[in-house]
Each structure stands twice: as structure tokens, then as C-alpha cells.
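The structure's right below; bear with me while I get my questions together.
Naming follows writing order (A, B, C and D), and every chain is counted from residue 1.
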Amino acid sequence: MKIDRRSRDGVTILEPKGKITIGVGDVALRDAVLNCLQEGERSILMNLAAVTTIDSSGIGELVSAYTTVSNRGGKLKLLSLPPKVQDILQITQLITVFEVYDDEDEAVESY
Amino acid sequence: MKIDRRSRDGVTILEPKGKITIGVGDVALRDAVLNCLQEGERSILMNLAAVTTIDSSGIGELVSAYTTVSNRGGKLKLLSLPPKVQDILQITQLITVFEVYDDEDEAVESY
Amino acid sequence: MAADNPRVHLVIGSEYENIELVQIVVEESLRKLDLDEEAAHAISLAVREAVANAIKHGNHQNPEKRVEIDFGVDAGEVVIEVSDQGVGFDPLQVGDPRMPGNLLRPDGRGIFFMHTFMDDINYSFKPEGGTVVTLRKRLASAPMASGPQKENER
Amino acid sequence: MAADNPRVHLVIGSEYENIELVQIVVEESLRKLDLDEEAAHAISLAVREAVANAIKHGNHQNPEKRVEIDFGVDAGEVVIEVSDQGVGFDPLQVGDPRMPGNLLRPDGRGIFFMHTFMDDINYSFKPEGGTVVTLRKRLASAPMASGPQKENER
């Protein structure tokens, strides 16, 4: 697991690559989001395009990240869900919680 | 395991790809050589460039093929040994048994 | 246990990194069964959850404690058993993670994943302690459990 | 058995195709140890030979009979045990495949491969029948067996 980070028009875009799973990816994801918050970022866009596997812990981390960012007055949104991640968010009904975009421009403008 | 076969100036070139190991590659190799002999071919060049793993059964099949072809008045020679196969032929002292070439032109002309 | 094919059995210490090992064994074992990619991924994810629970809740990540994974095909079903050395729990106490009160919880989706991705999951508890979860999925080509089962001969 | 790390244990039926499964478990387990590619390949080949012998000579390819592979790191050595349910044999009767009379034989190179690729191999035989071959290879960074072994504390 590796998480790239870049900024665009005041939005921090996080791009995890690989597996977001228990013991590895989940911790990295949490750290990345906490770092953003500590640096004062409040508009966070998580691009999931390069995520190959996500387990229930990974999904749990996404939810935690969402609530943590919201509690600090920010907004975590999702970009480019791979079909398997999309399915899982559907099944868990978390799709109703997250704001999801397919297009980065659109996502960035939405903040 | 997959074995390509082609002819050049009366020499049959066999090109096994992948693993020559017990239960899989070893049998395929034996069949390929027996087919050549049945069709009357006596000059057989085994190009090992694309062999990724060879075990003691695979080495045994090479030796069997060598003796079978010799007994029918033919000649089995080897071409393009990957370093790991080279090492194993060295260690087993079979390198003294086989005629080995690095260059296909040279190998074909040698028959 | 009745089995058409010999089973594969794997024992690991209770460390999350060993989940990858289980994963590749399951994936390699499934490869021979000619399942479609989606079914294979579903099984693989369910096993991941079962092993994660065994490591986390069963064995509390004590690397000395063992998680055992038993993999086989039985009467046209993939059957995987995951067992730990924990004290067990009451599966009836586990809530539905889709309930409004649970939706934003960071945990509580593992067993739900197993249910979703498999045809059947079953918990049992060893007398000496330890949870066993049995995961089943029918091979697409296999008849339903109630139908004629020509493979089911012993 | 004394071990620095928890061991991985794998049980398979006696079919050659299961050698691939053993292979990937060994390779995944080695990956964590940061061995160089050559050492990893050597171990992997030696295990392949041990398992092939267990399936062929030990269990006569009876898929009901089990081959067990135990993998671990012990005092700076990779230690792999492969056991079968056969009747054993006398390792002293096995000749050197490099002898002129053996050089053109199609078989008899498996144990020689294990010797060549590992630092040490040892045969033992279970009282109830069955061969156990123990393969050892020192990790490059580890001290020799006779040197100070700070990891070897128990």
C-alpha cells in the first residue's frame, strides 16, 4: 500500500494504491487522513481508482475518516470507485453516506 | 508448460516454455521428443531459453531424451541455457554429456 | 469429513501479515476449480474476513496462537473452515451493519461480508474453546444441495 | 520445536499439482525474510524435491495420503520439514548421481539437489512409519551455528 498525495485548488487529493486491508492499508489510510487534518486541510478527496482489494477493516477506515473529517468541519468525498469497491459500498449501504464522483474536475469544483 | 516446435535445415527445434518439473513439464517433454522420433526426425535441438524452473525430474527427462535419441542414431543438443539451468547441468556434471550452444545458427550447422 | 478431493490444510501464527499467505493458498486452490473471477474474489474476501476475525477477536494477535484453515471441495461446494484458539462468542449478538445506528460504525462488517459473499456460513465452537467458522459456496456447475448429487458418493 | 517465529504448517494430498501450492507458500514465506533471489530459489527447489519424493516414493501418489510441510525460522536458519506417510528408506543406499555409472540415469538426483541447495539436510523416520526430511539454510546475516546466537534465547 502506498498513498500519493497532491493538492488542487485547495482540495487535498489522496490516492491509495493497492490493498486497504487489516493491519496494513487500513493504518496507512488513517495516518494519511490525520496528517491532512493536522496540516489544516479540510477538503479531502479520496481517489480509490488504484485500490485492488478492500476488506471490512478498510471500509471501516473509510467510514472513520469520513466522520473524523466531518467532525472537524471538513468534507471527505470519494472519487473513481473500482467496480468491486462500488459493489461493497452498495451492499453495506454506505453509498448513501459518501459523496462519490467519477470525474476529478467535478469533484474538486464541488467543494 | 508449452512446447513450440519448428524445423530449420533438417533440424527440429523444440522450445519448451515454463516449468519442466515432475508431473507436468517432464511428461510433455518426453512426448514431444518421442513424436519427433516417430516422425523420423533424428536431429533435435532443444532451446531451453524460456525454461523458468527445472527440477531433478526435468533434468532426468533431458537425460532420457538424450539417450533415447542417441540410441536411434540421432543427436539431441541443447541451445541457450538460462543461468539456473546451466548451474544445474554443471553441478550434476551433465554439462560434460550434452553438446551446448549459445547461437542457433551455429547449433543448426553443427548437425 | 466427507470430501470428493483431498483437502488442503494450512496453519499460521496469529499475525495479520499471514493473511496474505492464506490468500494465495486459497487463490491457488480456487484456480484449479475454474470458478469465474467474481466468485473467486468473493470467496477470497470472505476467507480474509474469517481469518482476520480469528487473528483479532479469537487469538488477540498472539503470534503463538494458531489459526487453522481447511480448504476443500465437497459435493460440489467449496468448503472452507477457519478455526482459532479463542473463547468463542455469540453470533446472535452481532447486529446488522446496515441499521441506521450501525451505519457509521468503524467496525462490525466482517461477518456481514462473509454472509454476503458466500452461500452459507456457520459458526460452531469447540468444547476445548475456539471458534470454527465454516464457509460454503456452490460451484456454478454443481447441482443445488437438494438436487441429485452424483459426486456425493463415499 | 524451538522457534523464533511462529511456524507455517501446510498439509496437502499426494498429487504432483499440489507442489505448486507448496511452492507459493514457501516463496511467500521467504519473501518476508529478505533473502537474496538466488538463496530463495535454491530453497524453493530443494523443497520441491523433498515434496516430490514424499508424494512419489513415500505416498505412491495416493491422493488420500498426506504430505505435511512445516516452515519456520529457528536461530537464524530457515528450517523446513517435509513428512510423508510412507515406509521410509535407507538414505545410505542412495548413490552419487555424478558417478560415471549413474550419470546417464534418468533418476536419482533429488536428494543430491537438496544437499546442493541447502546447508544441511537430515532424514529421520517416524516410529509409526513415514519419512521426515529436515532442510536447513542459514540466513546470510545470521551467525554460524557455533557462533554467538543472540536470537537463540529460550
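Annotations
Definition applied: a residue touches a chain if its C-beta (ideal position, glycine included) is under 8 Å from a C-beta of that chain, and two chains touch if they have at least 3 such contacts.
Since we're looking at a predicted model, the values are computed, not measured.
Separation of chain A from chain D in touch steps, taking the shortest path, is 2. Chains that count as touching both chain B and chain D, per the definition above, do not exist in this structure.
Distance from chain D peaks, on a Cα-centroid basis, for A.
Centroids built from CA atoms put chain D at 29 Å from chain C.
Taking each chain's centre as the average of its CA atoms, chain A and chain B sit 54 Å apart. Chain B and chain C, compared by their mean Cα positions, are separated by 45 Å.
Those residues of chain D in touch with two or more other chains are numbered 15, 17. Shared contact sites, meaning residues of chain B that touch two or more other chains, are absent. Across the complex, chain B meets chain D through its residues 21-24, 53, 55-57, 59-61, 63-64, 66-67, 84, 88, 91-94, 97. Within the complex, the chain C residues that touch chain D are 5-15, 17-18, 20-21, 24-25, 28-29, 32, 63-64, 66. The touching residues of chain C, counted against chain A in their complex, run 15-17, 19, 41, 45, 48-49, 52, 56, 97-98, 103-107, 109-110, 112-113, 116.
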